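My questions will all concern the structure given below.
Labels for the chains are A, B and C, by order of writing; each one numbers its residues from 1.
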C-alpha cells in the first residue's frame, strides 16, 4: 500500500528534519561526487583529456572492457539458470543454494582475491600443475577475470529471482498446454516478462565489474600496461601524486556510476508502466 | 472425447488431497466440479490436464491412457482462473500462439492462422479488440480471450479452473450463460471447477459434488439439489435447517415429539440429523398435529416473491423459514410473535449412515 | 511414498546442473581451499596468528570504526528514509536516486576522493584541521569512509518498510489522543525496528571487509589505523600465508555469524507477535 505524503507533523518539525537530512546527504554524498570532477578538471580540459588518452590509461581501459566482456555474459547465463531453478521448482537444498549465491556479498574483497591466490598462485593447490603447463592465472588477465566473476555473479541472479517469483508460472503453464516446447516457452513467454530485470542486472553487474578494486588488487600483480584495470590505474596515479590524472580516470568511472543510477530510474519507470494491469 | 478417471490418489506431503477418486465423463458433456475450498477439485482438474501428476490411478481419454503423456501431447485446453494471458502479446497473438508454436510440419500457414483467429474472435465477440494488449481489457474480455486461445488448438477436452471467480457478480452471470450457449454450439467435452453452487446448477449438464478429496454425489443439477445423497450435499446446496434428534427404542424423537421414519423399528439407539429446507416449512398460529416446535419470530424480510422469517425455536436454535407472500398476509404475523412450525418434507440421516429415512 | 514430485515445467535438470557447476567452480572450491589451507595450520598456529598484537589492533580498528559508522548511519539513515518517504521537496527524486551512489561508485574512486577532501588542503580538511579534527590518515578517516559506504544499506532497508506502513494505524493512534512524537515512538518505530537492525548489520558487515574506499584515507599505520583487510593483503604480499589465511578465516567466520544473525532478526520480527 503506497503511503500518501504525510502532513501530520508541524511544518517546523518537517522543515528541520528535511534540512538535517539534506545537509547530511550534501556533506556525505554530493560534495565528494562534485569534487571528482573538480579535481579532474583542475588543470584544465586539455590536461583532462591527455590523462585519459595516456597509453597506460588506455590499456587499463582496454583491460577493464575485456574483463566485462567475459564477466557479464557468463554471469547472465548463470543468473537466468539460477533464477529459473530457484523460482520455478521445489527441491531439497534450495535455501542452501540461495544463500550460496549471497556469499560474495559477505566476503571482503581482499579475501575474495586471496582464495584464488591460494588455488592458482605459485604456492597454491594448482600452482605446480599450472606452472608445468605454462598457464598463468594469478598476476595475469585470467585471474582478474575469474575474481571479477566471483564478486559480481550474484547481481543478475538476485535481480531475477524475485521477479520470476512474483510473476508466477501460470503463463508458462498456459504456453506448455498450448503445445509449446520448453525452449519456445522460455523464449516467447519467460524472457519478455523478465527483460527489465535482465537489463538492470546487466547494468549493475557491469558497473561493479568495472569498479572492482580490492579483489583485483590481490591477483593482478600491478604490472603497468598489462594487468592494471581502471581502478588500479587510478590508485597508481594517486600514489604518484598525479592528482589530476587520478581524478581524470576516476571521473570515467564516476560517469559510469551516474549512468547506472539514471538507467536504474528509467528501468524502474518503464517496468512499472509495463506492469500496470 | 470421453474421460475415465480411475482410482486417482494424490498427496501433497502429508496432506491427502484426493482419496481414490473415480469418475466417468461422457463425450460432449459439460461437467461441473463443485465443492468448498480444499476439497480437491482444482487438483483433480490439474491432474486431468497434466499440470499435476497423480500418485497412482489412471486417466483415460476415449479409452487411451493419458497419464504418461506430457502436457503438450494431451490436446487439452485449459482456462486459468486469472487468465494467464501473455501480457506482452496482443489479443491476436495470444490466440494464435498455440498454432504458431506447432512444429513446422503441422503448422498452418499464416493465412490459415489469421482465418482461424478471426473466426474465434467472432465467436467470442471481440473482433474489434484484436490488437489490444491484455492490460487494456476488462476482466470479462480477458477471460473470453483466454477461452478463445484455448479453443484455437481444437482441444478434445476443455478444462476451466474457476473461470469466473475473479469477476464481479453481474459479469459472472452474463459469462455463465454465454459459456452454456457456447458449449451448446461447440460440444467439446468440458469440465469446470467452481465453488459457486448457483453457477454449477445453472450451467452444467452434470454436477460432481466433492468434499475432502472424495466425490459426495454425481448427478444432474435437479438430482443433486432435490435428492441430496449425503448430509454434506444437503448442507452445501441451498439453505437448509438442521435439527438434532435421536433414535430411542426404534423411535425417532426431536425433543419430546415423535417423528415418523422409514427405518427398521429395531434400529439401534443413535443420533439423528433432520434436514428441512426453509420452503418446506409451514407456519401456524396454533399447535398442529405435525408441529415439531414452537418458535419466536426474530426477523421478517422480503426474498423475491416470498417472505423470509427468521425464528428461534424452543431448543433456542435459529430456524429459517420461507413462506409465500399470500400465506404471510393470511397469518398477519410480526416480530416477537410466538408461532408453530410444521414441516411438509424432511430428510433424515442417522449418525454414521447415509441412508435417507424420511417418510 | 507421499507427494512424489515430478516437474511439469521443463529444464530442471539443465538449470540446476549449470547452477551447481558454476557455484562449485567459482565459490565452493575456492572457499573450501581456504578452509583446507587453514586446517593444515593446526590450531596453535592459527590461534597465534589471530592473536598477534598487530592483528588484534586491526580488529579493534575495523570493528570500532565499522560499529560507529553503522550506528551513525542508523540515525541519519532512518532520518533520510523518513524524509524521503513522508515528505515532498524540490529535487526529491534526484536525492532518492543518489542514495545508491556508494553502491554504484567504485571503491577506489570513493577512496581517493574522500582522502583528498579531508586532507589538510581539501575542502573539508582546511576547516577541520585548524579546529583540531585531523580526519585524513587517522582512524577518524576510516570512520568517515565507512559512513559513506554504509549509508545506502540502512536507507534502503528501512524505506520499503516505511512505505508499506499502514497509515490507518497511525490515524487510529492519533484519534486515540497520542501526540505525533508518541505515535512515532510507540507505533511506527517498533514496526521498522527490525529493518533498521538488518540494515545496521549489513552496513557493519560491509564495513568490516571494506578495502578500497578506506585504504587511501586511513594512513595505514600498523597498530593505529590499519584495517584488517589491508593487514591480510600485507601478509599475502610478504608470503606469510599462515597469517593471511588464519586472519581471512577468522574474518569470514565473523561475517557469516553476522549474516546469520540477520536471518535471526528477520525470523524474530516475523514471529514476535504470534500467539
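As a convention for this text, a contact is a pair of C-beta atoms (placed from the backbone, for glycine too) under 8 Å apart; a residue touches a chain by one contact, two chains touch by 3 or more.
Small disclaimer: the values here were computed from a predicted structure and weren't measured.
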Problem - Arrangement of touching chains [line / ring / star / complete / other] - result: complete
Practice task
Select, from B-C and A-C, the pair of chains that is joined by more C-beta pairs in contact.
Solution key: A-C
Practice task
Can you check how far apart chain A and chain B are, centre to centre, with Cα atoms defining each centre and the answer in Å?
Solution key: 54
Handout entry: Approximate Å spacing (C-alpha centroids) for the pair chain B, chain C
Key = 56
Completion exercise
Rounded to the nearest Å, the gap separating the Cα centres of chain A and chain C is 17
Practice task
Would you mind listing the residues of chain B that make contact with two or more other chains?
Solution key: 50-51, 71
Problem - Overlap residues in chain C, where contacts from two or more other chains coincide - result: 8
Completion exercise
The positions of chain A in contact with two or more other chains are 173, 176, 181
Fill in the blank from the handout: chain C residues touching chain B in their complex are 2-4, 6, 8
Exercise for the section: Could you please specify the touching residues of chain B with respect to chain C in the complex? Expected result: 11-14, 50-53, 55, 71
Problem - Contact set on chain B toward chain A in their complex - result: 49-51, 71-72, 74, 76-78, 80, 82, 84-88, 97-98, 101-102, 134-135, 149-150, 152-153
Handout entry: Residue ranges of chain A in contact with chain B within the complex
Key = 170-171, 173-181, 184, 188-189, 192-193, 274, 276-277
Fill in the blank from the handout: The answer for chain C against chain A in the complex is residues 5, 7-12, 14-16, 18-20, 22-23, 26-31, 33-34, 37, 76, 79-80, 82-89, 93, 95, 97-102, 104-117, 123-124, 147-148, 151, 162-167, 170, 174, 180, 205, 208-212, 216, 228-230, 232-233, 236, 239, 241, 244-245, 248, 251-252, 255-256, 258-259
